[in-house]
Structures are given as structure tokens and as C-alpha cells.
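In what comes next, subunit A is part of two complexes: it sits with subunit B in the first one and with subunit C in the second one.
Here is the complex of A and B:
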């Protein structure tokens, strides 16, 4: 929230300076971003929207005229059980990967903020999973979770527990995938929280400690409130990331197919989009999924912001 | 079928070893090239300039491994060949489709697999050189298996998008040591006599599973879907009707294949491993299954996966339950917009000519690519070939006999995703206990999603 307090001052001063000679040069400086943004975001958005209103196939794309179908692709989509399956998979994967991830990141950040021996070592190792390539990490996890030759089921069997089919059973597969996401992103979020915590006055903790507050109470009454803007930021970013989940579930399939398993048990919306567009060649249908996802993500972020703003307002009062 | 390319992947591992020995063999084919010289003003290489030809391929085609690139460079020192490889044929096809739509970024030569050749013929024939109009190739038409030429041609036969490389006649590869342990016959002719139909095959599998001495944790076959994807091509129709339109509900091939696959699963003879997955790959060495449907290129794949220690453990039975059929195989096409079109045409003609096709099968480094050129298949170097890795099985004769009897049903543009839909449904039967009837509905449902 520190951003919003400084912004008005900056904005008003720039308004005053607007007439000064040379200020137009500023537009030149921001131009490259907007050129790239127009070429790689705005144009694809418009093109995708246009395609989503047509019956158009990859193999005849630009070779046969597209057939205008209005909103039929969207109508078909909302009547398609494959779409709703992917929709709920996306939501459940988002929940089971984001919530534990952010909670653990908070706890880790809180602990790393204390003066520990080898603190730098721990902080750097937190970031290592994030620096690992997604493909490498997913392949290793897929091997670990393999129902036939995987390490995890080997351990389960050797302690006489039931082996679990991490590939073909729905919830085990989703848990396995969310563990990859959690493993990769927990450290990243912890570092963001840690950065937020560095800005908190250490005297607050010292004062609280003198007053007899333990680490849990310090966490509850100092860390959490001071991190609120950072937490909102990570929730928004994680929500966007989770709703677009693609690489992990694609590579988790034994042949890296976008099916999300033989029963589509972990097919997300982005996988369905890819499958429709590139495995089946239905570009119009795939574009309709893309736009639907875009709307979902905007809605999800809006709800997030609305909830957190409300909570802020109550907090101030 | 889509997987034939994936199958090539591992062949390269075996291949490198013997590659050096092949220079000589490759050079022997120069006489063949002399034939080309009279058509092209620019000489046998299609050009006299120093050029680099790009060749877009997927999986492991085996040309490089068999030393053919080096041999060609000796023949045409001004031509350097650069392979542009994609591992999975599905990814390759997606990229090729976008390049064809954009009409840019195409290589001088593009590999075309049986999984998508129907789409290329139907939607992109005008973007590839028509081999009927290339004098040398058109003259050699009779050398290729009829069906092979036909699959790459429009219905009236006037436009042909690619020249054949390999085909995939199928036999049964098996582990004699495992059968012996189970107290069953293990020599290839007796094994073959026990599997002339799928019913016999499944019965033989039940005997294996019932044996008290068979290795623990071992099954008779790898998966129900491998039974399906083999048997489906034994019908008069597979996934498509005679017009090439998807029609699985009225297909005799689909109907009987589904029956055999679900019977095999119900009989408990299948290890239920996903083909091409990790556990499946490892099973070639560990012996999780005793038999597998085996197109000729699978020979190379098995060697790659089972490694040196697997030598002598595998054998090939001269039989395919239910009748001879094909799995996989490819063509090479030249885009009309290719930068070095004439040189590319010369290269593809050379690669699909008899001598080079002989080399691609006879040379152990190439990975068992059976010729689509009948004269190459009849050549003693192919017909009398034995494979030391597979107990000196007469692989040339086994696959040659099957290739000669093979019938190939019509193919269509959605065969690959339709096959995946059936494979997924069978996986559900094997791993989730889905009933065959429910799984059948799931498959039809997915096929509806595929065909739109």
C-alpha cells in the first residue's frame, strides 16, 4: 500500500511539468514497451477474439476462408463436459497448490527473518527450486511418483502400505502435480515475504518480545499485518499463475500429451486449449477457451482485490 | 501408428557404434545416382552451387546413423545436409502445420508420417512437389508397394506428396527365456504356431500367466492398447470409411480390435503399461512382459531400451495374430517453396532409391527400417538378413513375408487422436476398472470432441 501513498504526489508533480519542453521525450522512453505490448498482447487478443467467432481449423488456416459462427464456439464450450471437467480441475489444482504454498512461504519467511546462523545459505537455498527448469523438475517428480518404478510407491510398499496410482487416480495425480508447483514456488514467495519483512521495524519485534510475545504471537500480530500488501500481491500473482497452469500437468503425462491423463483427470483449461488448438486443430474452439480463461482470470483477480480492499478498509476503521 | 516415430527415438543409441563402417556401403550406390543425371541440367545433385540442405525430421529416421548423410556428401561434395530434428512426431506435425499456414520457415525436405499423411494429401498437396511430375520418381513408381504410393497420393492418384522411406510390417517380438521359465515352448516357429489368431494368442497368454514357474511380476503382453492398435488395422476398415471419413462405429477393424483388447485385459495377461512411458521403456530390460507387437522398426527401439545386456534375450516370431498388417512408416516430401528445390528432389530420390533403402534395413545402426521399395525388400541383403541381437532371427524373411501379404485399410486425417482416445479408454479399463462398455462410451465421446 506504500505504492498508493506515494503515487498521487508523483502524479501531480508530473502534471505540473507536462508543459515543459522535452517532456515528450518521456513518451519515447515508454514507447518500446507499448510497441512490444501491442505486437505480442493486443494483436493476439484481437486476433484470438476474431478467431473465436469462426469455425477454423489449423490445417486449413489461411488456406480456406473461415466460416463465421458467431458465438457458437462459446455456446458449445459451456455445454461441453470436457470444458467443465477442465474448469474444476483448474480450480482444484489452484487451491491445493496455492494455499499450502503461500502459508508455508509465510512461515519460512518469518523464521528466516530472525538472526540465524547460516541465514544467507538458507535464503539462497530457498530460491534454488525456483531457479530449476520447470521441465527438469517435473521430469524428476514424475519419476518419483511413477506408479510402477517410482521411489514414493517403493517407500509406501516397503512399509507395507498400499501403493498409490499417482498417475491414473484423480486426486493423487492432482496432489502430485500441486507438489511440483508448491516445491518450485514456495521459496520464491518466501523471498518476497522476506523482502517485505525487512521493511518492518525490528524494534517492533524486540518490544513485543519484551512484552512476552512468543514467535507465534509475533507472527500473528506483527508479521501478518505488516505484510498485508505483499500478501495480496502474492495471492494475485499466484492466482493468475495457477489458473494458467500448463507445463507441470502437460509434462506429468507420460508422453507429455495435453490430455491430462487417460480420463482427463488433471487436464487444466490451458491444456484443453492446447489440445483443441494443436492436437485436434480446432483453432476457433481453442480461441474461445482462451478468451473464457482471460475473463475468468480478470474476474478472479477482481474478486481478490475487492475482498482485500474491504478487509483493509475495515482494518483502518 | 503415430508412435512409429517415437519408436525411432532410441534406435540412435545403438546406431552410433557401427556408423563408421557404413561409409563404404553408402558409396556403393553411386551407380544409382547416374540415372538421375540425365534429367537435371544441374547434374545429379540438382545444383552445382555450394549449398546447405535442411531436412526436417522427427524421432530418429536413421539416415545419419546409417551414414547416409556422409555418403551423400561424398557423392555431392557441394551439398551439406543439416537435420532439423523434433523428438515427437506430434510436435513436429503441429509445427509443420503452422509453417504451412504461414508458408514460411519450411525446410528443403520435410518428413511426413503415416499419422498425418492423409492431412497433407487432403489439405496441402499443392504445397509439396508432385512426384508424378518428377520424371525419375514417376518412373520408379512401380518399385514401391502400391498402397505405400497410394497413401501419399490424392484419390485420383494425380498428385503424390512424398516418396516412401520405410514401412512397418508387424510380427511378434518375445522373450524366449521367460517362456522357457514358464515351461512353454520358446523356439520361434512353435511360438508362431501358437498365435495365429488373437484368440490363440490370448489363450497362450493365459497359459503363461497360469504357470507357477514364470517370473514373478511378469505379464504376457505390455498393454491392451497395443493389441488394439495392431488389430484395428487388420479390418477392411480401421478408423475411417472408404471415403477417408472418420467412422469408428461401423468399422469392422475397430469392433474386433476392441473385443480382443478388452478380452486380453479381462484375461489378466496385460502389464497395463502405457506405451512409450518410462515404466514401459524399462520393461524391455527387466522382463515385465514376455511378448510385444513388433513392427520392424521396433527392433531398433528394443535394442536401444534393453541395451547390450539384452542381447540374445529377445527373439522374433514369424507371425502376427489375426493377419499381416502395417504399423507406421514415413515419406519424404519437398515443399514447392523450398529454397533449394532441385537439390532437395535429388536427395529424396537418392534416399528412397533401392540401394539406400537396403542400407537402412541391412545396416544394424539404422534401426530396422524395412524398405517401402519392393526391389529393396527383395534384395538378398534384406531378404537374407538375420539379426544377432535377436538370436539371429531371420528378420529379413520374417518382415518381408508379412510385408508381401499386408493389407492396409483407408486412413484419415484424425487417426492419431482417435487412436489416442481408444488407448486412453483402454487405460481406464486397465487401471481404473472402468467396464468395457463405459470405456467404449468414453472413447466415442472423446472422438466426438476430436472430430468436432
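Here is the complex of A and C:
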């Protein structure tokens, strides 16, 4: 009796084993990924935390063991007005570089979703800024915003507006830097929204039209809710990107210094980290900034997700 | 986020634009639509066009009112000047090496891992996949200080390996390939191959690799573009003696900032290769980004 019951079970399990013999070799397949990932991502992340509790100097770290200082780097940081300056600059730059960008991208995606002649041309031309590197784009825009030879000041003058000091005053400089980010990423995000729009079920619109919903109502009650996951995704990605802004403010300055302008008026946390670690050589302090930044980014993403979830709860009627 | 960890039912991503999408609810775009889109296209293209104009005019000429709108023949001289003053050629060659190595490594290793996560059953696969995806959004800043210390202890600072090694795999690549493997390779096919006595390696080489080639191409293009344009870590790991093109741009900017024509000519020279490639492969890249979005 027992023999007859175990036999089929044994047969089926051996068949299953035959079907999936690759369970051991699977580890071999993921090994290269995890080796590289562990060595150059996970280890540095953890090590940054450890370094942030030490005094480590760029000039001596190879010769001297590092010195334990506990949370002193963090205490110094939170008492440093350069940190708070960079903190608020990071927030304001993130806001003015993401909000208009995503709103415009949504509008453009909506237009791209119409039946269009030359739609490939529109899509590719909108993605050209994304293909342009951050460094090239920043250098180009820096010249466009130049007070002497810049095209933008000529436009302002020709409509009888005052020339603006895009370099040395705070908000114009931040707006100029945000415009670089916006220029590079709007088309990209528009395409992502477009992909989301095209996945919306056509029948929903037909049903809504039969119920007498106009274009705006269709947009409000079908398009927006269907795009919600995509919108949240782009908000999260853009927030993360904007809070680590580095190359744009660095190259925007004439000598590509990390001070973020003559009065640090556009120094971001990333720039401050670089300045502390690699201009001043305080690697421990730079590590503390890096972890503070990371925690801050996680909190910002959490707030974003929380807000969008709340909005959702209210939005459902 | 849950959409990322528990992917939605697989959609066919082989075709860049599935045919269903042709049946849009919206009608033909009106002239306002075209007008706005043309403005957007102009804003996207104009700065790139104007580089050519700026590169062929001196500061004094650019300061005129109205400024020039067409390039002239001095462009070549300015480009030569820029190539002489900043390490642009070296940067282009290095960027090509770096981006090629990173692309080959990423596509190969991520396809391997994507296949394992998508089709093979092994202990801990869900946890390992979750770790991989959960860390996709950690900013590079979090690791650069130890990475710099590590690379300088290994004597790799100022060598291209310092830029290539850390970027040989990406979590995004693993996730992207896993999604594609799951949708493009039917389980039955793999089972049939196993019943015929094929080894897992055979299955990978003969069934999975041919089937996922389109996704490898998309991942390759996106990875190459990203590696080519990367600035943060290459700038820290390399110097103007052995730069990537993006690092050369920085020496161009900081060394010659008062000569806009030379700076612009150099920027133009260093940007044209990737723009040419982009214009040739534009359709595919657009399709790839939209696929990536659907997956995300």
C-alpha cells in the first residue's frame, strides 16, 4: 500500500526535478551581478555610514587609520549654515525643476496622443535634449544665459525688459539651472506619460462619451486616474534626481567650482558633499552629508507617496 | 512601487507600438495641437542648433543686437582650436571604450540574471530580486567616498577601469530583462528542451538568447547613452589627463570660459557623435523608453 502511494509521488517529484534542473546553476547566473553589485554598491553604501562616524582626511587616509568621532560629523553638519543653505537650495531647485517639467510633460503627452502627422519627428525631436549630455547641455545653456553674449538676454532686451543677472543673483540663477533640467527631461517624461496614456482602455472613453462626458471630464475621470501609477513613478524618479543635482550647478559656474555661485546661492547638498570631501579633503564629513542626503531623499519620496495616496483617497467619489 | 515589485500581467513588448494603439479615442489633432508641438520641438532643437551659430562667432559678434542666426565658415577653425586646447579626442575615444565595455557587461550580465530570476526556481530568488529592485533608486552620492578610497587604494584613479567596473551591472537592467524573458519565452518551450535533455546553459544559449535579442538591443542603447553621458563619478575618478568626453567638457568650460566660440565649438564636436547615433536610432530609442515606462 505504502509502496503504491509513494511511487507516484516519487515519480512526479523526479519529473519536476527533471523539468527544473537549473536550480543550482541559477546562482551561477546571478553571481556576476551580485558580485559587482556587492563590491561597488552595497559595500560603499555601508562603508559611507561607517566613515561618517570617523575623522577621515583625503590627504592621509592611505597611511593613517581613521579616528572614531561618533556623531560629531553630524553635529557639526547641523550647526553649519552652509549645510542649511545647501539644504534649502536643494529643495527650491528640486521644486522649480520638477513641477513645471512634469506638468508640461503631461500636457505634451496629451497632445502627442492625438492622431498626428509627423509624430515620429515630434517624438524624436523632444528626446534630443535627453540624448544631449548633462555637461554639454549645461555649457550650452550657460552661454545662452550669459549676460554679454547670451541669446536670452537679447530676447529680454528686445521686448524691453531689464537684463537679468543670471549668474550672481539667487533666484534667476536657480531658475536658469532648473531650465537646464527641464529642457533635458520634459520630453523624456512626456514619452513615459504617452506610454501610459496609450495603455488606457479605449472602451472607457467610449462609455464615458456615451454617458455625455466631455473632453475635460474624460481627462479628469479617466486619463488622470489611469495615469496615476505612471505619474507617481515619474514624481518619485524626478524627486530623486532633482535632490541629487550636481553637474548642472557645478558646470554652471564659470570655473566649474563646487561652491555653487559666488555667494553659494545655488550650492546643492551634492555640491557641498563634493566640496567638503574633495576640495577640503574631509571625507568623514562628506560621508555624513551623503547619508543625510540619502535619508532626506527617502523621506521626500515617502512624503510624495503618502500625499499621492491621500489625494487618491479623497479623489475616489 | 508595488507595481515594480509585483509586475502587472505581461504585455507584449516586442512591438514598439502595439497595433491596438492606432485605434485611439482621440481624433485628429487640431492646429492648436500642432502649433504647441512645433513650439516644443523648436525649444528642444534650437539650443542645439544655436551651438553651431555660437561656435562660429566671436564674443563681440554674439553681443550684437540682433545676434547672428546662421553659422559661418569660421566654424572649422574654431573646432580645430578647441580640439587643440582641450582633450576632446582623447575624451571621445575614452568615452567610446567606457560606454562599450559598460554596455557589453550590463547587457550580458543582466540577461543572465534576468533569465535566472524570470525562469529558474531557486531558494531565495524573491528576496534577492527584491533587494536588487529596492536599491534601484539609491543615489550614486551615497557610495562615492568609499568607492573613491577603494579605487585609489587599488591604484585605479585616473584609469578607465575605475569608471567601468562599478557600472558593469545595473539593477534596472536585471529587472528589465527579467520582465522580457518572462513574457517572451514560454515555459512550455523551456520544459520541452529540458525533456529533450538540454542543460540549462543550452536552454539559455539556444532558446532564451535568440528570443530576448530585441530587449537586449533596447537595454544596450539605453545603457550606452547613459554611460556616455554620465558625469558625476567619471568626474571624480578621472582627470583631464585621461578624461571621458564629459570630463573634457569640464576642462573646456573651466579653462576657456571667456571664449564662448571655442567652448561652443568643443561642445559641438564632443556632442555630434552621440546626436548622430541618436538620430539614426531615434525610433528605437523612443520605443525603448516607452517600453521601459510600461514595465516600470
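In this section, the second predicted complex is superposed on the first by the 263 of 317 C-alpha atoms of A that agree within 3 Å, B and C clash if a C-alpha of one lies under 4 Å from a C-alpha of the other, contacts with A are read in each partner's own complex, and residues count from 1 in each chain.
The rule is simple: contacts are C-beta pairs under 8 Å (C-beta built on N, C-alpha and C of every residue); 3 or more make two chains touch, one makes a residue touch a chain.
The model shown is predicted, which means the values in this text are computed figures rather than measured ones.
Applying the stated contact rule after C-alpha superposition, one finds that A:202 touches subunit C and leaves subunit B untouched.
Measured by the number of subunit A residues touched, the leading partner among subunit B and subunit C is C. Of the two partner chains placed around the shared chain by superposition, subunit B is the only one that A:259 touches, whereas subunit C remains out of contact.
Shared-chain residue A:165: touches subunit B; no touch with subunit C. In the overlay built on the shared chain, the residue A:296 is in contact with neither subunit B nor subunit C. Of the two partner chains placed around the shared chain by superposition, neither subunit B nor subunit C is touched by A:74. Common to the subunit B and subunit C contact sets on subunit A are residues 61-62, 142-143, 146, 148-149, 254-256, 278.
The residues of subunit C lying in touch with subunit A in their complex are 1, 3, 11, 17, 20-21, 23-29, 33-34, 36-37, 40-41, 43-45, 47-48, 50-51, 54, 59, 62-63, 65-67, 109-110, 112-113, 115-117, 120-123, 125, 128, 132, 135, 137-150, 152-153, 165-166, 168-169, 171, 174, 191, 194-195, 199-201, 203-204, 225, 228-229, 231-232, 235-236, 245-246, 249-250, 252-254, 257, 260, 263-264, 267, 270-271, 274-275, 278-279, 282-283, 285-286, 289-291, 293-294, 296. Note for the complex: subunit A touches subunit C at residues 18-27, 29-30, 32-34, 36-37, 40-45, 47-48, 51, 61-62, 107-108, 111-116, 120-129, 131-137, 139-144, 146, 148-149, 151, 154, 157-158, 183, 187-188, 191-192, 194-196, 198-199, 202, 205-206, 209, 218, 229-230, 233, 236-237, 240, 243-244, 246-247, 251, 254-256, 270, 273-274, 277-278, 283, 286-287, 290-291, 293-294, 297, 301, 305.
Taken in their complex, subunit A has these residues touching subunit B: 58-63, 80, 82, 142-143, 146-149, 165, 167-169, 254-257, 259, 262-263, 278-282, 285. Listing the residues of subunit B that touch subunit A in their complex gives 6, 88, 90, 94, 97-98, 100-102, 119, 123-124, 273-274, 276-279, 282, 288, 413-414, 417, 420, 423-425, 427-428, 431-432, 442, 449-450, 452.
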